[in-house]
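One chain, chain A, appears in both complexes that follow, with chain B as partner in the first and chain C in the second.
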Partner chain A sequence: MAQAEEVKHDQALPPYPEKATLEGKNKFLGFWFFLGGETVLFASLFGTYLGLRNGVADGPTSQELFHLDLVFYMTMILLTSSLTSVFAIINMKKGNYKGLLGWMWATVALGVAFLSFEIYEFWDYTVNYGLGFSTSAFASSFYTLVGTHGAHVLFGVLWISTLLIRYAKTGLTLTNAPKFYTASLYWHFIDVVWVFIFTVVYLMGV
Partner chain B sequence: MSQAYAKKSVLWDWLTTVDHKKIGILYLAAGGFFFALGGLEAMLMRIQLMFPELGFVSEQTFNELLTMHGTTMIFLAAMPLLFGFMNYIVPLQIGARDVAFPFLNSLGFWLFFFGGVLLNLSWFLGGAPDAGWTAYTPLSSAYSGTGIDYYVLGLQISGIGTLIAGINFLVTIINMRAPGMSMMRMPLFTWSSFVASALILFAFPALTVGLLLLMFERLFGATYFAVEMGGNVVIWQHLFWIFGHPEVYILILPAFGIFSEVLATFSKKRLFGYSAMVFATLIIGFLGFMVWAHHMFTVGIGPVANAIFAVATMAIAVPTGIKIFNWLFTMWGGRIQFTTANLFAIGFIPSFVMGGVTGIMLATSAANYQFHDTYFVVAHFHYVIIGGVVLGLFSGAFYWWPRMFGYKLNETLGKWFFWLFLFGFHLTFFVQHFVGLMGMPRRVASYLPGQGLDSLNLISTVGAFFMAFAFILFAVNVVVSVKNKSEADPWDGRTLEWGIPSPTPEYNFAQTPLVRELDPLWYEKMHGNGKLKAAEPLDDIHMPNGSILPIIMSFGLFVAAFGLIYLVHPVTIIGLLITLVCMFVRSIKEDHGYHIHKEDIQNEEGAG
Partner chain C sequence: MDPHVSDPSAPLKGGPSKKTEKKLAKEARHQVVSFVFMIFLTSVAFLTVASDTIPNRFAIPFILLIAVVQVLMQLYYFMHLNDRGNGWNNIMLWTGIFVAIMTVPTLMLLIGVIKF
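After this line comes the complex of A and B, so read on.
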């Protein structure tokens, strides 16, 4: 109840607009299940990478490639983007729709920054180190794991931008609240996956 | 609104439908078609093996037939047919008006359908896949033609559909149950569908990754499976079986659910040991993820790993045994009616137990070296899949046909079908145990005369003809029984799906039912007035609008797959754009559905 009192609405919305309708509840639960499936997907990719990371053939090894400073920046950017998406959801719960939009745009911007770093990283490995997709089993599995994560970030950026443009002027409704909420769940998920990539791929690889 | 709805053509209605009942029927129709196709492939193989060194089909064609038979039967026949029943029956059994995600439900179907069509087009476009349904690397990655590309992309597309369907059922069963329908009052078919959906959710992504890797390896020069580049071929086997073993439980658990419904109904008793059945289902689902390496005993993963996976595999016999005994005790002292549906259920018990026993033999990892890749394995998995899943599908078909199509299948023809099919099935596969123990390897196009294999193979082929003939009887039955109109509750049923008018109204329940006990309809028959109690007053019913987007989205991926197979990038991009634009439209266009008015419902219910 204490939480409910803090909530101020610009319209007469119930306290948890993202879960107020059956449709919202279904979306919420279904999305958690989807993330469960995504967990297995990334676990399989991690397993493949761990099995192949020493299979470098004649190509460069991870020790020659990885620079923790670049990866540190990327990690900070993505962790910060998770924080901004939390601020967005807090604003949604407070009924501050402008705040929701603003923090979500910040999340998108940080996502784009992260992607730029990743594209630079892949370009650097390919051109300066000669690590092509076919160079070795290590190369293939590295690009597949990190690239699949990058593709998820890209999809998140496109998805959240679509929501932000579509609902720029509608205010919070029972229809779009679950959409923003699941988008933020998704964003946290790809952030968590990156924490594992940072640990398993980069920290164990330098 | 209802007038505008009536104007649409029948074809457009079926292409755009988001009604779980129509999607269920679409699954049954498409699954039935692929089942016939897979059966035809099996017949061609059995004819080839009828006599030693027969040249009926070439070795290459034989490899394609065996690959497509396995792939089709598992992915395009057994699973969709089960999805058909799950779609139609599960919402009715839990007292829901629809599934949680009607739009995604339709998308799941169309993805499966286009994936299946893509896979089968390979026959006409350069040859079908020929590396076995397991597509082991490096045979599939380095030594096979474009057929494998069709395999990879066809299964990828239909796999996405399956995953969507799994999530949909999980959410439906958790969120959409009628008042009073607690988890421990759910019918066993709903429970087993629930556990099977959870298995889909956690097993299919492993296949997705496996197929993704194989696609990158074949099309874009990745080197995961190229040993000379530091790759490892066993990774594919692990990924495939981490998916593949749960997959067999995805198939068998819903069939177990069907038998639990049928045996209870036709024994006129509530299911014996309901909670034990539920927990056995959950334990089978859990252990199903712990045993994948028993498919890999001869790969050389070491004696410790082999021993652990052998013991874990044998442990599954315990919950399965609990189920078998509970079915027997359900019949014990019951007033058993030998309808066709029940005959299939009763025939299942000994047939499946035989498959279980050979399963324990195969799980003995030391002995497995002798059985591996022989016809003994073929006999084993056909005993569990035909003796379990297919008998379950036919049992479910005869049981639920009146509910789904409004008419009863002919019982006399049905019994002929049952006996011919069961006889043919045992004739085909029982002898294969011995053929296998004598050393005949599976997946080989022929065998030499004078090795004691001739007559047993001939017997096996004769049995296959019995099964094919029996299936034709079933198809005839479907057609000739059309006039055999059925009442709403022809079997004196126990569960909610029999408590509503026939044909099933579009909105299922005019008023959401109130569930007071396990087997709610039976409870009302015994303790109430025989009708379901309503949990709400009669009111307008909200319905989702149909949509053409799912079929276009699936078609986009189908187009993109051709672009990938032939590496024509513009086609790939166009295909993906079609799908993405549809997703975009779906995301930004709010569709709040429509309402059926309470007066219309009253009229319809009164007339029914």
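After this line comes the complex of A and C, so read on.
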């Protein structure tokens, strides 16, 4: 056991700490494979929504429901959180671990803000407009698409928080660099999906 | 392999080399510029829809184009898909996009028009 302690020599920061080990390279490649699959998942939900969005039965229509100002705030919050996670990764490559943690916490905070807006939005639709999950085909496909995205944001918030707490005191290592890096890729992907949601669902539905 | 280099739990010390530092500064500049541009594009898309004077047959293709531009900026400037050593990552993602492009109109037609 004493020997294992001795192995922990400090080492110099490589230019790409997230790809310096084989494990990091594998994580990186596998994560992009996952993102390709996620693209298809969201495509199927988008296709379903676009096919069913006019089937409002006797329930409220998208024109009655959507408020552009709320969606605009949500878009700006998520876009800014994308930038904060970019800053986190730049700090990681500079070897500034405190900067990495700080910008990642900012990303988590913006993610929580986004989620609160979305919960308020769904609450508003359900309570004030009477749009339940099974009110109409439009309602089901809308809640499934936007809700799946919201679930991804929630998962991202929990994932990044876990990393931040687990690695609060270890400093940057070759083990946690790929973890932070893939988490930031995931976060960007959430923003990519949201760009299509605000365009296809909200802007085309007003 | 040198055991010092292969210990993944050792804290990484020191800063980047001058060359890397320069590259990072340039990267950060590009990213901030693309962020400002994305904010601008998003605002244009919202304004296009909010103004009643622009007809839908123009507005919808226009905001879809804006969305595609924004997503490409995310993928290439924020997610570094254009960096070296990202060949397979590009193949993975673009395969997903290829299937997605066929999935969306298929589902739109099957459940929106043919109505099984």
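We adopt the following convention: the second predicted complex is superposed on the first by the 195 of 206 C-alpha atoms of A that agree within 3 Å, B and C clash if a C-alpha of one lies under 4 Å from a C-alpha of the other, contacts with A are read in each partner's own complex, and residues count from 1 in each chain.
Note that in this section a contact is a pair of C-beta atoms (placed from the backbone, for glycine too) under 8 Å apart; a residue touches a chain by one contact, two chains touch by 3 or more.
Bear in mind that the values here come from a model prediction, so they are computed numbers and not experimental data.
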First, second, both or neither for A:L172, with chain B first and chain C second: second
Which of chain B and chain C A:A139 touches, first, second, both or neither: first
Contacts of A:W105 with chain B and chain C, given as first, second, both or neither: neither
Touched partner set for A:F117, first chain B, second chain C, both or neither: neither
Touching partner for A:K93 - first (chain B), second (chain C), both, neither: second
First, second, both or neither for A:L29, with chain B first and chain C second: both
First, second, both or neither for A:L52, with chain B first and chain C second: both
Contacts of A:Y129 with chain B and chain C, given as first, second, both or neither: neither
Of chain B and chain C, the chain that contacts the larger number of chain A residues: C
Intersection of chain A interface sets (partners chain B, chain C): 29, 33, 36-38, 40, 44, 47-48, 51-52, 54, 175
Parts of chain B lying in touch with chain A, wherever the complex brings them together: 100-101, 163, 167-168, 170-171, 174-176, 201-206, 208-210, 212-213, 216-217, 220-224, 226, 228-232, 235, 238-239, 242, 584, 587-588, 590, 592
Touching residues (chain side chain C, partner chain A) in the complex: 3-17, 20-21, 24, 27-28, 31-32, 35, 38-39, 42, 45-46, 48-50, 60, 63-64, 66-67, 70-71, 74-75, 78-79, 85, 88-89, 92-97, 99-101, 103-113
Contact footprint of chain B on chain A as seen in their complex: 22, 25-26, 29-30, 33-34, 36-38, 40-41, 44-45, 47-48, 51-52, 54-57, 133-141, 144, 159, 162-163, 166, 175, 179
Interface residues, chain A side, partner chain C - complex: 7-15, 17, 19, 21, 23, 28-29, 32-33, 35-40, 42-44, 46-48, 50-52, 54, 68, 72, 75-76, 79, 82-83, 86-87, 90, 93-95, 170-175, 177, 185, 188-189, 191-192, 195-196, 198-200, 203-204, 206
